[in-house]
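Listed below are the structures to be examined.
Same chain, two partners: subunit A is paired with subunit B first, then with subunit C.
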Partner chain A sequence: MAAVTIALKDLRQRIRDHSAFLWGIVAPFGLALVFSLILGNVADPSSFDVSYAVVDLDGGEMGRVFVDEILMPISKAGPLGEEGFFDLVVVTSEAAAETMAENGDVDAAIIVPSGFTDAVNSGAPSAVTVVGNVNSPTLAEVARSIASGYADEVNTVRTSVFSLVVLQGEMPDEAEMSVLAAAARAEPAPLVVGDDPAASKILSAQTFYAAGMAIMFLFLAVQFGVLGLLEEKQNGTMARLLAAPISRTSIVAGKALTSFVIGISSMAVLVVGTTFLLNASWGNSVGVAILVLAGVLSAMGIMFFVAAFAKTPEQAGNLQAIIAFLLAMLGGTFFPVYQAGGLLGKLSLLTPHAWFLRGLGDLTGEGTIGAVFPAALYVVAFGVVTGLLAQFRLGKAVAP
Partner chain B sequence: MRKVYSIGLVNTIRFLRERSNIFFVFLLPLLIILLLGAMYGTGFDSKVGVHVADAGGPLADSLVAAVEDLQEMSVTRYDDAGSMSDAVQRGTVDGGFTIPAGYDADLAAGEVVEVVFSGRVTDQTSMLLAEAVRGAVASEAEPIRAARFVEHQGLASFEEALPIAAGLADDESGRITVVYREAGDSPFEEFEGLGNFDFGSSQELVLFMFLTSLAGSASLIQTRRLGVARRMLSTPTSTRVILGGETLGRYSIALVQGVYIMVGTLVLFRVDWGDPVGAVAIVAVFALVGAAGAMLMGALFSNDQQAGSLGVLLGLGLAALGGAMAPIELFPESMKNLAKLTPHAWAIDGFAELTRRNGNITDILPHLGVLAAFAAAFMLLGAWRLRRVLTR
Partner chain C sequence: MSFHIAAGETYGLLGPNGAGKTTTISMVTGLLERDAGSVVVDGKEITTTSTAAKAAIGYVPQDIAVYPDLTGRENLTFFGRLYGMRGKSLSGRVDEVLEIIGLSTRADDRSDEYSGGMKRRLNIGIGLLHRPRLLMLDEPTVGVDPQSRNAILESVEHLSEAGMAVLYTTHYMEEAERLCDRVGIIDLGLIMAEGTREELVAVVGERDRVRLTATGHVVAAEEALQRLASVEEASVREDGIDLLVNGASAALPSILEAAARAGAAVTSVDVDEPNLEAVFLHLTGKALRDIGVEADAMESAAASALGGEE
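Let's turn to the complex of A and B:
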């Protein structure tokens, strides 16, 4: 009961000087807001309008097949209608196509050269040109791969026919040639690429910044309870507390309770606030609650550890700030360090921050509450180990 | 003037005596630059995972080699399917492709073999990677399909035809190719040719100089709370002198930190800072902006914890807004304009002028002017407010 009284008094004090509110809510929320404003759109490209220009300078069979049978059917001008992948603009001059790509009117321009059909039939080299707009590298790359796909097909038919010619040792006439080419085209592809879509465990930009800032500042916000132990001692009120009929355990428990309440409530406000105001999607609320609980316990464990080894509240506060920033940085709350892989990725996974974010990713990717347990377990274990280590030294803090 | 100097000196000593400040001022900035360099220094290649389900064979090896030869791609091999799928889901790689068991034997036996590409749904990078892998597979399939065609025509066996087809497929003359080139103006053109650490260093420099200065505002608050300011005022010392001394304390720390980061990154990471006179000028003026900002914060708040938390918020928030965490070129239009309201954006652009556009001090005079204006505005507001709170 004494623990609750101590905690209530501490909480009232923290509410009055706004410090817990500033560290626990205003700072993380403000930073998450700034990050998602400036970077949210970069990381999350929404639907885009794709458009390509094509010019057929060839006028022969092969050029016609490419435009009418390869490009048209998948464009919005084809049978798919609005479901088509891109707008196709057919232009008549190379210069016009290039200008469109240069100005960004289209994402890429595809140019079928003159004499393309003749080159294919006679075995002479020829090149389809793709001019991509520099600001749409991805969409330009898709245009390039469509063109490459066609080139691959043409080359394969040619290699097939000429392999036969080499073995036969004589050049067939034109009629035979086109029969062979048709047969080569009919030969089924030996390799197909199957698709195995993977669930993404990567958080959306908005969620990533909200969660990253929340967990980073959690480690700073919990200091307000535990540091009270050192403050009471510095102010001389610890001796008075000990003289009162209050057990040492109650004093420690009271301070722990303060940290716990501040940690849980600031996280709760951040989760709800960023969900509604910043469009973050944290995932299943029970799973998030488990991770938040684990995070708070972890932060408290470290805080107790720091308090046990520091002499003054200032020293402990500064040390906790150093630890909080280092773990946050390495844990990938600003940029995804884990994705770098290698040694850096392994180091990152030593931090509770990386596991907290990973737990949220698992929750999003797998969609079941159970998915958070491995991550939550590590996060808690971090707090339990540091908290237990603190117990050996905490006696000196709770002494007159 | 001597009083200003001694107040500044005491201030600096008090700041440096706190060991945690040494960490934030000198260690953390270089650690972060190192971390950023290690993360992004290898470039922005797409990352693809490859898993060969059995011992493989010459055809399987050749397919892997074809993927490895793709441009702007880094390939990681995985020994088991589970860890590759995990890597795809978590973003360690952008996609993974699996070569099934018996790949060589099945191809030789004339079967249709499926290699599986696994990418994150709705992820643009994954989609793009799938296209690239499809392209590599198509080129790989060319001689195999040609050899099968020959076999089906009854002219030779698959094994006899394959080397001939492979030879023809490798022969570059007489093939249809796709030539790719880019057109238009890219905001990234300037970033080409920068070293591993070049890009992040100037941003971290301004971020930390400003952040450290704001964190130092706590010292002005202590000066006030402990009654030091009031006692100084009872001597023939004006508020202007106190403010000057405190500002000098902050200024010297910011300046030392700025020069330290510059020299540290130059020596450790060989970062190019461009024209040294210009670079030092930016640091000198920007340190003034930070010091004046700290004075304003210190005058506005009366509690270290409040100033501390808002200092972190403003220090990181303005830095992010000013392009110290991601290049302004990437921002949406509206945010680009807002960024110009931060001193950070002007300092970073000043550094860009020196390094990427090879400018010298005359080219950055506008930047220095704007920064000086920021410093003057902060200083005036701070002095006005401080006079009120000190003489209340």
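Let's turn to the complex of A and C:
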């Protein structure tokens, strides 16, 4: 009961000075918002306002196929309408297309050269040119990929047809050539790369940054409970608590309870807030709750560890900030450090942050609550180990 | 060290800074582990792990120990709950204590908006909130302005009248003489003597305390004065010499003559009746007042450096 009384007093103080609100909710939500607005768009081109110009100087079958059957169907001018990936502007001259790209009227201009169809049919070299706007390198690269994809397909068909010609030993006439080419193009590709986001366990950018910022700031938010031990000592009120008819354990428990409530509240508000305001998709709520609980316990463990070794609240606050940011960066809350491989990749897996994010990924991929248990266990283990280490020195913090 | 305090009695621990007063109080409250011995309050032994037994103790630490971002009422209510008080009895007692410490009109202001004296009074109020059998006040008037000091002393007088046992530590002789039924003279962690004021003064005898303010060869004068038959004790202080003298009025001419012969120029003479300070000087060979003045000067300097009002 004394622990609850102490925790209620601490929470009143924290609410009054707004510190927990600031570090537990405002800062992580703000950063998640900024990151998902900036970086989320990079990961999701559909949210960009993209426009391309195309000029068909060829006028033949191959140019027509590229414009009408490749570009048009995925543009907003095609059957997808506003769901299309880009605006397509058809122009009639190369100069006009280049000017539009240079002026930034479009992100890239794709130029199908004159004699393109003849070159393809005769086996002569030819090139579809992409002129990108200097300020849109990524979107120009996307246009280049579309053109390159078409070129690869044309080359494949041409190789197939010429292989047949070589086998038959005679050159077919133009009509036969068209039939062969159409047949080769219609043949389904034997090998494709599948894309199944659920199975690949990849979080959306909004979810990744919401979760990353939440777990990073959780390690800062919980300090407002545990650091109270050092604040009580500095204020002289620790002596009063120790003189009261309560056990030393209940003082520590009170501080732990404060941290727990702040941590859980902060994460709950962030999960709900980012779901509705940032469109983050956290996954099964029970699974998320297990991970959040594990994350809070882990953050409390490291905070007790810091409090046990620090001499003043200021020193502990600084230490905790350094540790929180270091673990967050190493754990891949800003970018997936694990991809770097090597020592850095291995170190990344030592952090609870990396396992928290992995747990969310597992939850997204497998969809079952059980999927989070391995990650949650590691996250909790981190807190238990650091918390136990703190016990050896915590007695010094609970002293007059 | 051994002492006991009866219900309704105010017991003073009088000694200079560093004498062991706070350490003693810390052991009695169970804040510090004892090497040996026992502390029994209201029939129950107090240790660092005692919980229920501590309910009989009220503790007022030397430094102000309140939560600055809570109001006076919130501070009192919080500590009241820790002592098991609840509901109307708690809120009623909080109002009562606010009245006693004179903070009723400022009860709902944050304590960091209080003056130094008001914080001191709140500091005391927290200690007596749960009606302890034994209230320990560790130098509660250090750094307090005269008006607040007087208010605090009056409060303590009322406490003992209400039947509470009070352990009061101080290095101010005047406070010990005014408040305490019995006084323990403490130095270097030992109680040198204890008793009522009259009993302690009897230790010194009916000797007068003579304070010479002097310049010149003060040390030589002190040695010369030690040799006079009427002088029991002599000690040099910063601006002169303190003496314990048998029959000061008769001995004064010979004292002044001896000092002059030794090369000291006496500029003023004060003669006091025997008091606790004289007892302290007699028992320890040190002047309590000078040590206290030094301590106060250090506290004032520290308060100035921190921008405090006191």
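We take it that the second predicted complex is superposed on the first by the 246 of 400 C-alpha atoms of A that agree within 3 Å, B and C clash if a C-alpha of one lies under 4 Å from a C-alpha of the other, contacts with A are read in each partner's own complex, and residues count from 1 in each chain.
Here is the rule we use: a contact is a pair of C-beta atoms (placed from the backbone, for glycine too) under 8 Å apart; a residue touches a chain by one contact, two chains touch by 3 or more.
All of these numbers come straight from a predicted model, not from anything done at the bench.
By the document's definition of touching, neither partner reaches A:346: not subunit B, not subunit C. Shared-chain residue A:13: touches subunit C; no touch with subunit B. When the two complexes are overlaid on their common chain A, residue A:151 makes contact with subunit B while staying clear of subunit C.
Looking at the superposed arrangement, the partner reaching more residues of subunit A, out of subunit B and subunit C, is B.
Looking at the shared chain after the overlay, A:5 reaches subunit C, while subunit B stays out of its contact range. Of the two partner chains, subunit B is the only one that A:138 touches; subunit C does not reach it.
When both complexes are aligned on chain A by C-alpha atoms, subunit A residues 17 touch subunit B in the first and subunit C in the second.
Listed in rising order, the residues of subunit A touching subunit C in the complex are 2, 5-6, 9, 12-13, 16-17, 235-237, 239-248, 400.
Per the touch definition, subunit C reaches subunit A in the complex via residues 26, 29-32, 48-55, 57, 59, 61, 63-70, 74, 78-79, 81-84, 126. Taken in their complex, subunit A has these residues touching subunit B: 17-19, 22-23, 26-27, 30-31, 34-35, 37-39, 41-42, 45, 98, 101-104, 119-120, 123-135, 137-138, 140-142, 144-145, 147-149, 151-156, 158-160, 162-164, 166-168, 183-184, 187-202, 220, 314-315, 318-319, 321-322, 325-326, 329-330, 334-341, 344-345, 358, 361, 365.
For subunit B in complex with subunit A, the residues that touch the partner chain are 18-21, 23-24, 28, 31-32, 35-36, 38-39, 76, 85, 87-92, 96-98, 107, 110-124, 127-128, 130-135, 137-150, 152-153, 155-156, 161, 164-165, 168-169, 172-187, 189, 303, 305-306, 308-310, 312-313, 316-317, 320-321, 325-326, 330-332, 335, 339.
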